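Provided herewith is a single structure, encoded as structure tokens, for subsequent inquiry.
Letters A, B, C and D mark the chains as written, and numbering starts fresh at 1 in each.
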Amino acid sequence: MTTALLILIALVTLCSAATAMLLRNLIHSVLLLIGSWIGVSVFYLFAGAEFVAFAQVLVYVGAVSMVVLFAVLLTRRSRADMAVSPDTQSRAVSAVLAAGAVLAVLLYAVLLTPLPSGISQGPSANVRQIGTELMGTHAAALLVIGMILTVATLGGVVIASTDGASKKEGPK
Amino acid sequence: MNAAQDTGETLLERAPQALRDLLTSHLPEPWRWFANSLIAIVAILAVFGLLFAALTLAERKILGRVQNRPGPNRTGPFGLLQPIADGIKMLSKEDIVPRDADHLLHFLAPVTLLASSILAFAVIPYGRHLIPVELDAAVLYFFCVGATTELAVFMAGWSSHNKYSLLAAMRALAQLISYELPLLLSWLPVVMISGTLSTTGIVAAQSAWRWGWMPTWHVFTPWGLAGFVIFMVAALAESNRSPFDLPEAESELIAGHLTEYSGCKYVFFFMAEYFGMTALSGMAVTLFLGGWHAPLPSLEFIPSYVWFGAKLITLLMGFIWIRATFPRLRIDQLTRFAWKFLVPLALVNLGTTAFWSLSFGWTGPLLAARCTVAVILVVVPFVLLGRRLSSGLTPRTYSYAP
Amino acid sequence: MLGTGLLQGLAVTAKNFAGSFHDPKRLTTVEYPEKKSVIPEAFRNFPFLVSENAEDPMGTLRCVACQICEKECPPQCIYIEKSKDKKPDASGKMQIYPAVFRIDSSVCMNCQICVEVCPFDAIKMDHVYEIATSERFETLLLDRHDLAKPNSYFHQIRPLEAAEVDGRLTAERKAAEEKAKAAALAKAALAAKPAAPAPAAPPKPPEQA
Amino acid sequence: MSPFDASPLSPSGGAHVRSVVDEFHGDLLEVSMGPHHPSTHGVFRMIVTLDGERIVKLKPVLGYLHRNHEKIGESTSYLGSMPYTDRLDYLNAMTNNWAYALAVERLGGLAVPERAEYLRVILAELSRLQNHVCLAGFLLQDTGASGTPLMYAFREREKILELFESLSGSRMMCNFQRFGGCRTDASSEWLGQVSSLVNGFGAFLDEFEELITGNEILMARTQGVGVMKGPAAVSAGITGPMLRACGVGYDIRKVDAYGIYPRFTFRVPIGSHGDTYDRYMIRILEMRESIGILQQALRDIPAGPIMDPKAKLRGFRPKPGESYGRIEGPKGEIGFYLISDGSANPYRYRVRPPSFVNLTLLEDLCLGHTIADSVVILGSIDIVLGEVDR
């Protein structure tokens, strides 16, 4: 019963991810991507990782998807973009190559990871333990990631504000 | 806690439980869990459905009274049947979908919105023994289902194939990106202090009495008050209520994302807005206002769910009151308010909370110092940030022509 | 500043909320179908024709079909056809009467100019306002049967103005009667003389009040 | 050159925004706001080109309510045009009547009795009160204030309209002024009602201002929004509170001294920023001045006739000539230009509508602001479509 459910969810997740790539309508793609993210978070839930599942939805569905949508809506189609014909052979080849490279890296990582055989009762980590781990053992890594993200955000702001010249003259 | 259990276990307190057990007791054991959950779901839908109906009427009545008119009073005594009349009217309306709309998304948007706003009710403790789902990361769950609401608003706006709706969709996105952060930051102090993400745990952390009469609700601490205010402001924005009702800003976008909706789908949006508002108020009660605890020890004989309901309704009336009074912000002002005022304030508030929790053991004159420092840490950033935010905006004096 | 303006606003709305329960100055709404607000006497809405007698409105219309209102009506919503014969009016004098008198009330804009220019006080403004109808042509095109309302109705809706008009009219009629009497006497006295005095002139248009 | 083309008047850096349009041609959103839009104050339409939420082009479309007012005026008798003037700016029938009566009186050489002049001042200032109070309500409604200020405003306006009704017979279509005086006399109890209303109006204004004037959201929404510079306003012919909000102290009651206005002491408030907040506040301050004028007029009103005995309603045929009557209407200079050829109808009948002229700078005010601001700016201009389209 549970296995069937898991397979179903996996199928839905994979299908929505695949369709997201194939669709020409960007908004539909993003929404399908969100669907696949939700599917992944359901897996986390089944794995007993409540916190990760909720954080996944909160961050990806709640925030990242919004940023993607926002970017899609705000991107101006310039004439240069229109000039590139959408489906040429060379583009298809490079797409396949890129996808293959990513797949290779992922497969390599998956195969290298020692997975426990059989159904093990997953580590029943509660939120407190995760917090302690993050703030104790992995505090340095967390800080570094935080710094990198902050710098990235600042960089984004700087890049975005280059067209702020017109905004300065606009209303406050 | 023990003392509370001794005094609070009245018959009324256990009444909902007893009723449920009475209904499910004759079922075989394996079915009981399922039946209990079903009853909880039905109870939540019934109670909050009724509250929704009452709220629509109350909102119109209160707005009317504030605006010096009687409000709806044609249907039934004092207009009490107005929600039913509204319901019949809305449900009997034709469901119009624009020809060029994205039919699937246009249909999915209200469903998604309503579903996610109902999901949020699952983790709120409505009373001493009334919590539908006990989750370790309940608060996180609450905000993660809440995050999908604006996505639904976006879907509605984008799929309607209407320029006003599209603008509303953009606004909904900008609003969500801006207000998700202060909303999340505003309740972090509560988690810091109570050390748990579970809603029951947070309520339990507010159960003591200081000096025998003053409840130790989080709102009565400097950081708690600041957090509460930030939470409520962000909640106004999250639930698209005035003065942050930009996606459906009537005066410029006609009805925004709702422009192309009619009939039942429109009702879904409407319900979702009120459910979202109710759920956020319920969470505010849980996080800051002591949950289902009574405000005075001597009042604990009144069942806990009554106290929860009273606090919830008070907050909801506040929403309506604010709607009756304020003009709407502009989208750039809204985002600026979030990023330049609420987020820094919430971050500073985290620091204040850290100080509060570090100085936990201080007594005597140190206790006074602790309070003073915390108040200063709340008030000074508020004043400074507020000054900066409203720089250049002043009431003016006028001269007269010679 | 710093939200004090917002708080002030909230205080005002709270005050109004409370005030609407006990302060009649604040809750000014008149709940229409049950209660109706008092209509001032000057209120005007659509003209009607004054008839002297409620039993025989068509026979006692004050209107003499002089067509002044038809000419002066700005949106030209009045249509009058004069009668071929004459009928005695209230004072017994033979007068032309309107064979057709129609007002298209969907065109009328209630400006009261017909009332102002009428020299006979024959057309006045009504007080009706519950006149919504679903039919455009039959119910809104009023003919003289719809328009005629007795003087008592005029007294009822506009007591002051009606009293003033009645006073003026009786005075005029008395003057006309006396003139006619004098003329008759003179006629009797000078029976031999051939030329009879012209019939009394119609009452002079009232001066602008 | 059409006033809506790119103009040197552009007060808000419109020229710069225009260049952005050229850069990104075709990627802008064109929204047709109106004629069926909750905030276009009737059947007005703006074709707004948006870059995100920012307006880069705005084209007003007028004429949905055009009904040949001026041509009708040329084929109707002088008296017959009076009720039509009610329907120009249908909020201010009293001042429209007065401006038209003034033009005809100048054409026909009629004098107006003392009492009628006082009555006209009282009615015009009452009209100003209810117009401004409406404007404040509508403007705040346009900023999204859920109807509360509008309802308070309408509660006060209702009292004034009831006074109009009991005097003239109609709340809005008053048709009250006549050439050479007024149609009916005001009873002393009517004047008493006016004076109690006027005395209570200050308290209402205080409460209204307490509700909203200090509101930070309102200030954020209106200060610095739709800034109009004085010279631009003057060259566009803008009048009334709109003009005074940009610091030009031009009030026809002072400049032209028509009627008996020189007898009253009142001040003319002027703004210094020319933005939407100033336009709102100038109206509030003008209401306070109007209260003063009303109190003086009610104190001084003499007894006596209300019509020039020379005046006649029917068959009024002025000598050939021309005249222009203008007054300071609540929205600005409302003027009527008449040419008589000696017949019963005017040869030429022309209205100078303040709403229409004030609307000419709309695009310049809105450029560079957001779509939400455009609604507020339109609200602050205070138009009535009956007058714009005529």
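Methods note: a residue touches a chain if its C-beta (ideal position, glycine included) is under 8 Å from a C-beta of that chain, and two chains touch if they have at least 3 such contacts.
For clarity, every value in this text was computed on a predicted model and none was experimentally measured.
A count of C-beta contacts for the chain pairs B-C and B-D puts B-D on top. Using CA-based centroids throughout, the chain positioned farthest away from chain D is A. Spacing of chain A relative to chain C, judged by their CA centroids, is 79 angstrom.
Chain B and chain C have centres, each the mean of its CA atoms, that are 61 Å apart.
Averaging Cα coordinates per chain places chain B and chain D 44 Å apart. Note: centroid distance chain A to chain B, computed from Cα atoms, is 29 Å. The set of chain D residues touching two or more other chains comprises 52, 148, 152, 155, 211-219, 224, 370, 373.
Residue positions of chain A with contacts to 2 or more other chains are 172. Shown for chain B are the residues in touch with two or more other chains, namely 66-69, 170, 324-326, 390, 392, 394-395. The touching residues of chain B, when paired with chain C in their complex, are 62, 65-70, 73, 321-322, 324-326, 382-383, 386-387, 390, 394-395.
Partner chain B is touched in their complex by these residues of chain D: 29-31, 37-39, 50, 52-53, 140-148, 151-152, 155, 211-221, 223-224, 244, 249-251, 254, 267-273, 277-278, 281-282, 285, 370-375.
Of all residues in chain C, those touching chain D in their complex are 1-6, 8-9, 11-13, 16, 26, 28, 40-44, 68, 72-74, 109-113, 116-117, 125, 208-209. Across the interface of their complex, chain A is touched by residues 105, 135-137, 140-141, 143-148, 150-151, 154-155, 158, 169-170, 173-174, 176-177, 180, 184, 195-197, 392 of chain B.
Within the complex formed with chain B, the residues of chain A that make contact are 27-28, 31, 34, 50-51, 54-55, 57-58, 61-63, 65-67, 69-70, 73, 126-128, 172.
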